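Below is one structure, written out as structure tokens; the observations come after it.
Chains: A, B, C, D, E and F, in written order; residue numbering restarts at 1 for each.
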Amino acid sequence: MKFTIMINEGPYQHQSADSALQYCRAILAQGHEIFRVFFYHDGVNNGSSLSVPPGDDRLIQKEWSELSKEHDLDLVICIAAAQRRGLMDADEAKRQGFDSNNMIEGFRISGLGQLIEGGIESDRTVVFGD
Amino acid sequence: MATKKFMFVNRKAPYGTVYALESLEVVLISAAFEQDVSLAFIDDGVYQITKGQNTDGIGQKNFSNTYKALGDYEIKKLYVSKESLEERGLTQDDLMDLVWEDEDDDWAEKPSIIMVDRSEMAAVMAEQEVTLSF
Amino acid sequence: MAMLHIVNKSPFEKVSFRSCLNHVSKGDSVLMIEDAAVGALEGTSFSDKLKTAMGDVSVYVLGGDLAARGLSEDRMIDGIKSVDYAGFVDLTVENETTQSWL
Amino acid sequence: MAMLHIVNKSPFEKVSFRSCLNHVSKGDSVLMIEDAAVGALEGTSFSDKLKTAMGDVSVYVLGGDLAARGLSEDRMIDGIKSVDYAGFVDLTVENETTQSWL
Amino acid sequence: MATKKFMFVNRKAPYGTVYALESLEVVLISAAFEQDVSLAFIDDGVYQITKGQNTDGIGQKNFSNTYKALGDYEIKKLYVSKESLEERGLTQDDLMDLVWEDEDDDWAEKPSIIMVDRSEMAAVMAEQEVTLSF
Amino acid sequence: MKFTIMINEGPYQHQSADSALQYCRAILAQGHEIFRVFFYHDGVNNGSSLSVPPGDDRLIQKEWSELSKEHDLDLVICIAAAQRRGLMDADEAKRQGFDSNNMIEGFRISGLGQLIEGGIESDRTVVFGD
């Protein structure tokens, strides 16, 4: 069965990013397919490359990044939400004239249509938020 | 692409959080995919479509007029919870006059707001194929 | 010492406003900001609770937040005063301490 | 079509859980995750509301979220089933649709 | 530096949001400033100090043991709302046994948890000079 | 009168950053002093330099930055909260071995003691959050 997941909150502040991560792992463990994970609102901050939590804490952004690599996941960050919150990849940073960028490997930036497409193409759409 | 029944559930007041604004951005995009779109306004979500919103005092953009454009995008099923209005001391008169134009009826303006009680809202929710909450 | 209690969540959505009213002291003030502004209206499922509290405390609302949500001041419970941000600062100065009900 | 309703907020803090129960259809399922897990306990100011709803819907709790908050499963309302994340996925598959009550 | 009465108000459950954890980090730092510190646990905040917390299933660190260290930092006034416990079907037996050692009484262990009803909690809150909420 | 302000939420997602900004402006307009503004939890994201909201929307981070410049405000970002969320200035980025940084001018990074000190030194401490 094919799933699309939407995540509305950033890492740490709310549990939704943790819950969604565990849920995605369980989907994959059962042999189902994840069509797309769409990060919206503060959820875009799950794609930050600059987090350095205390050594005994989880690094949620890296866990997403590694899960993406391992299972070739399509992790999509909403561009409009990302621009509001200051999350950008190298291309977007260049386009905007910034020296720095802060998007971790394994994510890509795209538009809201990707969320609707996910809803259409998937058998189940599940939302995690506040 | 297939056509599915999409519902956008709005439970939160505007301006206090960004959800109402960014939800509306998704709704507008969904129009381009020609899906069967409904919106639900329950609990504090009913404040999103009150008339007379004035944001001069809070430094945020007033985006309430965008709801008036939904009809032009063929988004014309806005289900509003009767009980939610009542609890908040509001009536339908406090809501914006949201309409769509029926091209099969000489472009007559028809109301987009559909007042429903809880059991009717539950029945509408039960029909949906994709439900997005913000 | 008088305390300014600042509430910012709708009383129809979260319990924080009720919790505030359960913990005020006589002579305190309560200021509604952000989504809490909707609590100022007369004739709601919350208004009796607030009116009872108004026997002991003064209640204010940030007018800009009320207007943003399309609600006019003439629909407020009698006795609630509307203030702007300057008035918010005044309330903070007049009361010795503040507590935000997050 | 049966729907899985996912609630993630404490019924003592936010209205979303009650709102969910007011909008379920017979044969639906309700899953409590994150802070909503505390709603599974017997003998609370919310338990009667949930037990009434259980005449129409099946109710589940994510066991890990209950345990994290120091609450043991033997204190749950009779008839609530504890699941892990694999069980969460199963519930999503068994129900045709989902709705998250944010 | 002056000594002030600081109160940290905890109204939220742990793990569902970060506030409980990051509030505790502030409380620990405050100890270094030798202030007159009180903590209030009301509403869902009472879940922060339940005993037997086990976070194996949710991928987060269990930080509940940190509350047990508060006594060592001379933070020994933890006011817990009776009504909040009752509404949640809990009693004081469900809370961790939090204590401090009284050096003026041969280091006897004394309870840090002070059960109060609403009017008592209101009286404690009214005495504070700096109230931080999370 | 001397004020310390704590802000617990990031820009856009919650109104608290907007409210705090307006409140701080009103404090200054009345001739009071702001001893410190302390950004905690997701509030650290108010210091992001990479935000590019739609042209007709406010840029909250820049408004803080400019208010700071104009009134010589002490805007302090909690280091522990910032590390969890991937917000860092150039020095911290260098120390952590990152090529990029994302803290806007006018803020500084420091520890939680700055919040307690603010509470002690100020006549009023006001919290904005969710």
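One rule holds in what follows: a contact is a pair of C-beta atoms (placed from the backbone, for glycine too) under 8 Å apart; a residue touches a chain by one contact, two chains touch by 3 or more.
None of the values given here were measured: they were computed from a predicted structure.
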Checklist line | Contact-graph separation of subunit B and subunit E, given in steps at minimum | finding: 2
Next item on the list: Examine where the copies subunit C and subunit D touch and state whether the two sides share over half of their residue numbers (same) or under half (different).
Entry: same
Next item on the list: Report which of B-D and A-E is connected by more C-beta pairs in contact.
Entry: B-D
Next item on the list: Return the distance between the CA-based centres of subunit B and subunit C, expressed in whole Å.
Entry: 28
Check: Could you state the distance in Å from the CA-based centre of subunit D to that of subunit F?
Finding: 38
Next item on the list: Could you put a whole-Å number on the gap between the CA centroids of subunit B and subunit F?
Entry: 35
Next item on the list: Specify, in ascending order, the residues of subunit E that touch 2 or more different other chains.
Entry: 11, 15-19, 43, 58, 60, 130-131, 133-134
Check: By residue number and range, which residues of subunit C touch two or more other chains?
Finding: 8, 12-13, 15-16, 34-35, 84, 97-98, 100, 102
Margin query: Could you pull out the residues of subunit A that touch at least 2 other chains?
Written below: 8, 12-13, 15, 19, 22, 41, 57, 80, 84, 125, 127, 129
Note to self: Applying that definition of touch, give me each pair of chains that meets it.
What the structure shows: A-B, A-D, A-E, A-F, B-C, B-D, B-F, C-D, C-E, C-F, D-E, E-F
Notebook entry, point to check: Touching subunit E in the complex: which residues of subunit A?
Noted result: 12-15, 18-19, 21-22, 56-58
Notebook entry, point to check: Given the complex with subunit D, which residues does subunit A contribute to the contact?
Noted result: 1, 3, 8, 15-16, 19, 22-23, 25-27, 29-30, 32, 124-130
Note to self: Residue numbers of subunit D touching subunit E in their complex, please.
What the structure shows: 8-10, 12-13, 34-35, 38, 41-45, 47, 62-65, 67-72, 75, 84
Notebook entry, point to check: How about subunit F: which of its residues touch subunit E in the complex?
Noted result: 6, 8, 40-41, 80-81, 111-113, 115-117, 119-120, 125, 127, 129
Check: Quick one: in the complex, what on subunit E touches subunit C?
Finding: 9, 11, 19, 42-43, 83, 118, 121-123, 125-131, 133-134
